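The structure appears below as structure tokens.
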């Protein structure tokens, strides 16, 4: 078990992410904070690459480091940020307490994470998941519905009797293909629900931005 | 059946009188005669019934008792008490005394209360008293007796406090009731003992039982002791006598009827009723005798120097009651009953006489302001002399026989003792002294009546009862002439025989010579004392001050009744009141209530404290979340390992 | 033996990723607790979500289960939505209070 | 239907009265209805079979079947008279408060009537959950009565009353639930019926306090002890009594305190016989202490109502003493004492209310010589005083005597000490009577111009006369009352430990 | 056998929540199309209620299904149907209240309606979620809508502050929940609840990661249900939020989140670990106690109700704990019943608060309620009843709910918890009574006018009726609750 280049890359990115996130917390100027946050996110994107999640890594950099951070920076532009010096709390017993508790939290999380690495389970046989794969098969092989149905039935029986077969169905696809397949089958509902969520977020943000506040009994008061 | 009816009328007639006078007759001055007539009629009807009932008991083939059952009162579990009454030899005598003397006093009151604003109320109470007293003596079981027992106490309370706008008089009534209550509590405990031991409180059932003599302090002794405690309350014995002198605050007829003739003798009656139990408990008997003797001497000694005419008579009553207890204590129940009767006559007479004096003196009661009234109030004077002679034990007057019987029994009875006899003699001597002093200061000697008071003789309604009672004071004792004298005249002592069936007398053992000697001793000593007093208070009155000065301390103590009232006030009363105040202000308010407050303040304070956690700082809230998270994690993970 | 420990530390496995994500998450929490600038607090929340993303991807890799990567998409989307709403609220707050320092937002308490 | 009618009629009327705006009509109707209710309960009395120990007039309807909870009501000798006491007092209360309550009269009438439903329900429920429902329901109208129509510190008193009473009942609730699960394990089906509870064998261990039976016994006892109230838990009572309006005090003293003793009689003692037996000395001790304590504290009270309130502590001590004597005399006496206390203390509160209405003062020291000004009032007060201090011939005597007799059989010392309660009872009552009615005219009586001290009017006499009649009736003819309860009590006492109850239609 | 890629039948099951969301969009669409002119209040609310009603009808038609659909993402079982009914009712009441509330009525009611209904959509997803990720999405949908709803209140400062606080803490809690989901995913390889549930007995003993996952998921949900010590936001947010929104949060969110608790509990997420159960007991007791004693000295009525909602969460949590090891559905059914009963009482109380309050935290102190009882007999009576019901006095629904919870706790052997519960209901009586005392026993110090709103009064009347009716014939509600949880336990 030699140390591979990936390991070294991990350590570099991990170091960058850690230092960056510490700086996010301790930089007084929010603009710097946002810069370091972008750095952390990019580093994480790098780690995603290391973890063979290229598509996710790309999305991470585009969506997070790009879009979301821009949003943050933009909002910061709106605010008048002259009172940065007061931003960080001075050292008080409460600060101490906070650090102690967060340290404890950190200890538990890291400790359990470090010690429990071997405890990852293989995914259980999930008939629903297999069904989703079958549906893919069904859609890629347009034959007569009747025979398909017959085939499907056969396949279902086969898979049920041989659980390992379910895993093998995936092996022909690339990661991104697998992602898309799953996204639109197994997680289709969540995906659709997300669209609603985004709509709500948009409408909500707009409504909030438009709202003028103040109590008005149906009257429209000029802002 | 006729027994039932007669007893019914006997009882209900005073009750009816009470109801009519209490609710129908207008409460004003003018109704005095009407109310008095109604009440007197009611009691007279009772007297007639009582007389008929009594007569039916006479004769050889007469029934030993007449029972009458009205209805069941309490019947719970094993306990049963009926509204049932019995007239037998003992209660027969009692009802005669009660209704007889009662009627006379009712009659007397018509005159006495003629100027009172609320005579109807007075007569109503008087009738109610008669009713309760009759229940007491006629009751066929102990609990019903207790009904009358408390009932008479209640009437006593009402009548003592009759002129309630005087705080002292109201207080005296209350004192009487409460002191009586102490005795009553004892009585009821005694009753419980009796019931626990014998499963019944019916007199006839109890009397049929046989009792093993309890020489120690077993439950039977306790039972009788507690009953005796009840008796000391009602009959004003040491230590519960204190209410009786104060009870003189009531109208004088009340003093005569309730606090001399009838109610106060209830204790004697009760003990005689249960004589078969009492004789089985020699320890109790001894205590009774001692208490009686002590009370007789003690009260007489207080009576020596009192100046209030009614107070003197009151202490005299306490003293005489002591004699009765001495009698029953040595097992001479019939002698006790005998003295009860004679005392009822002469003491009622004296009280009424005193009432007549007070009436004539316009409510003046201090004998130092009297003197020489013999001329102004001849009838009162003559009748009073009868009473005086009776009480000091002048031979052949009623008091002589009964008192001597008691003294002789205390001397000779196996339950008696020489010391008891000696105390009796001492008491008798003192009685002679202070009664003579009373006579001397009131009726004889020079007049010391203030100028603005013009004493006058009382009206006829008042003097007739006096005359009747005077006669009775003379002849009342002749039913129980002792053998040594009776043999001379060939008269049989019917009294003891009469009681033979109901009362368990303890036989006296002594020779006639001893009896004659003791009798002589007491007569001589009493005579000397009386003479001494007469001389002192009529002839040598001016030397008195010197004597007083010589013994000023002793005189003061005695004059202030040995400060017993003050001692009681300072100890028991104060203890109770202070205790109550302490319980309230400390235990109730400071401890119990404060604890409640403390708890609620604690909870509310904790709440306000915890609310400080919600201080508006959102990071603080986040810290709580972290705290909770870490806490839960550590608790679970650390405990797991 | 020391070299063995070092080797174990340098040889990257799932535990390294969990360690890192735990660390990043905790740093995010620390920022949330300590920073007073509303925007920075929002950033810290983003940091936490990123730490979770790392966990998901690591589990996806080491658990041979691509579902983890899908979760990351969801988390990203939600994080973006959250960020937009959060910033909208922050703007609204800023409009009323003229202030983004959260120590001024302590009117509701008790 | 009779019992349901009796329970719920007042509720229906009470809600109806809320919609009446006119005060006079409202109180007339309330009075009329309460009289009708009383007549209805007389029908119950008339039809009651005194020779049966079973529950009578039983009505049973499924309520919460999954828990075996039923609408289950019935009456037997133990509850009969308490029901009648309740219905009897209610018209008297309405009549007595005719002029005393001036604000929000319809609401007042409604509260009283709803309270009546709750009280009757409490006495008549056989199902424990149903009992608990009524038990708790009772708090609300009483809370409002004290709080809305009460005296100066009414709010404080109302809180205290409510919280204190609830403090007791919550643990009872837990115990009831535990019992319900016990029925499931022991009898097969879950039930909250008292009849089933009686059949349970609840584990008991005399050597160890923390055993189910003892704990549940104390859970129940706490609820009832607070209601009674027993000594250290009594502090709500003086405040509630003093601050409550007269009708509230009357109901509180007349009926609600009885719920505690009734609870002991009906539930705590027969359900947990071994525990009750073991801890009977404790309760006897507390009861005796309470008798003396209540009397002594009553003695030094400067306020009439407070005095009467503490006297309740003393009187209810007798009830507890009798109950824990656990013999026929004691229990009978206790039950009788409950009725007595309802009548006599109820009357006392009415009387105090009458004088308060005239002078707006309850301070004893301000009175004196009232008997000359208001003789009729003085007579009524005196009769009530007699009843309160248990003079033979009045109802109080019968009860106290039987209680003491029962207690004496068990514990002589306790009975002896309790007998001193008789003495102190006389002390505080007569002392108060003396200070109010006797002596020289006091501060208030002397300047009668400010508050005309007119003697009682016809309405007030009409209020008091039934109570006075009852005082003597119950004193001289206790058999009339005790005959109805005799077999029930004998059954209860003789079967201590294996008490069961049946029902007949 | 007919087979379709994603069965139409499956898709149709989404119809209720879809309808809700579609109807949610209608008022704002109208507004946008109409030149940004606010449609009339009644129109917005009417459309919203219409949608909710149709959704309810659809739910009724579809009924319950025992198996998960959408590849295990969702499950429309009896419990979700029942909770959905509850959510729909609550949202109707909320909309009714919003009509005349000083803080919601006016120019943005269309958005308000949209957000309420969106939140309802999120809730419906949440209760039907059978996958932790879907659960998270539903939670976020619900929460985001709520954050904005709070911020939209007309209060100048308080609503913004409350929204901001709620947002920060809510996001933090979501992050924790998400972390937990990630750990659960790592430990089991799946996010489907029933699959994880099957592994719990093994994992609890072997995998610390899984234990951590459970804890963090618990914390995430506990935050929303305001279990101590995750409760601190509750009073601030309830106070700052517009009253209808507070009502919505106090009832709807609580209902849904406890339903999620129940779902996890019935899959034995919280069992098989004694320490966990022990800690949960501590938290339950602490929650009740802290909630109740904090409310004792509080003056602001909304904060009182907020603290009381914390306490009630504690009571319900007792039921959850009792359900965690139960084999019978009693405890879970009791929790469900309690949730519904609590919602009814609380909505009524909030409706009254909503009528009485004035702008900028005006007329929210309990001293403002002085003399109200006799001045407004109906409102006074209703408030008194709601307070007594919340205190657990019979014969209201509050009593019977407590009875079910405590009896379930005793049945499962948690007698200690039941005792703490009853003691707490005693403590709570004080502050509920305080409100009654103010209404009936104190003279009013200043005149308080009450808004006239037929809709809000309808809410009050309906809650009043339900409070009594289900207090007396509670079986009619308890039995369906029992059956609905029985269904999920059988699986």
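Residue numbering begins at 1 within each chain, and the chains themselves are lettered A, B, C, D and E in the order written.
Operating definition for what follows: contacts are C-beta pairs under 8 Å (C-beta built on N, C-alpha and C of every residue); 3 or more make two chains touch, one makes a residue touch a chain.
Just so it is clear, the structure is predicted and the values come from calculations on it, not from any experiment.
Q: Could you tell me which chains are in contact with chain A and with chain B alike?
A: C, E
Q: Centre-to-centre on C-alpha atoms, which chain is most distant from chain B?
A: The most distant chain relative to chain B turns out to be A.
Q: When you average C-alpha coordinates per chain, which one falls nearest the overall C-alpha average? Tell me, please.
A: D
Q: Count the touching C-beta pairs: is A-E or D-E ahead?
A: Output for the comparison: A-E.
Q: Measuring from the mean C-alpha position of chain C to the mean C-alpha position of chain E, what distance in angstrom results?
A: 28
Q: As a quick test, compute the distance in whole Å between the mean CA positions of chain B and chain E.
A: Here chain B and chain E have centroids separated by 79 Å.
Q: With chain centres taken as the means of their Cα atoms, state the distance from chain A to chain D in Å.
A: Chain centroid spacing, chain A to chain D, equals 69 Å.
Q: Where the centres are mean C-alpha positions, what is the separation of chain B from chain C, in Å?
A: Result: the chain centres lie 98 Å from each other.
Q: Where in chain D do residues touch two or more of the other chains?
A: Correct list: 163.
Q: Among the residues of chain A, which are close enough to touch at least two other chains?
A: If we look for residues of chain A contacting two or more partner chains, we find 98, 102, 105, 108-109, 112-113, 115-116, 120-123, 186-187, 190, 194, 197, 200-201, 204-205, 208, 211, 213.
Q: Return the residues of chain C touching two or more other chains; collapse runs of consecutive numbers into ranges.
A: Residue numbers touching two or more other chains: 18, 25, 28-29, 32-34, 36, 42, 58-59, 63, 65, 67, 74, 78, 81-82, 85, 88-90, 92, 96, 102, 105, 107-110.
Q: Report the complete set of touching chain pairs.
A: Taking the chains two at a time, the touching pairs are A-B, A-C, A-E, B-C, B-D, B-E, C-E, D-E.
Q: Contact residues on chain C for chain E in the complex?
A: Listed in rising order, the residues of chain C that touch chain E are 18, 25, 28-29, 32, 38, 41-42, 45, 48-49, 51-52, 55-56, 58-59, 63, 65, 67-68, 71, 74-75, 78, 81-82, 85-86, 88-90, 92-93, 96-97, 102, 105, 107-110.
Q: Provide the residue numbers of chain C that touch chain A in the complex, in ascending order.
A: So the residues of chain C touching chain A come out as 7, 10-31, 33-37, 39-40, 42-44, 46-47, 50, 53-54, 57-67, 69-70, 72-74, 76-85, 87-92, 94-96, 98, 100-101.
Q: For chain E, which residues are in contact with chain C within the complex?
A: 133, 136-137, 140, 144, 147-148, 151, 156-158, 160-165, 167-168, 171-172, 174-175, 178-179, 181-183, 185-186, 189-191, 235-237, 239-240, 298, 300, 303
Q: Note which residues of chain D are touching chain B in the complex, please.
A: Touch list, chain D to chain B: 160, 163-164, 232, 234-235, 293, 296-301, 327-329, 332-333, 369, 371-372, 375, 386, 391-393, 397-398, 401-402, 404-406, 408-409, 412, 415-416, 419-420, 422-424, 426-427, 430-431, 434, 437-441, 476-479, 482, 486, 490.
Q: Mind pulling up the chain B residues that touch chain D in the complex?
A: Where chain B meets chain D, its residues are 27, 71-79, 83, 143, 146-147, 149-151, 154, 157, 161, 164-167, 170-171, 173-174, 177-178, 181-182, 184-185, 188-189, 192, 195-196, 576-577, 579-581, 583-584, 587-588, 592-593, 596, 600.
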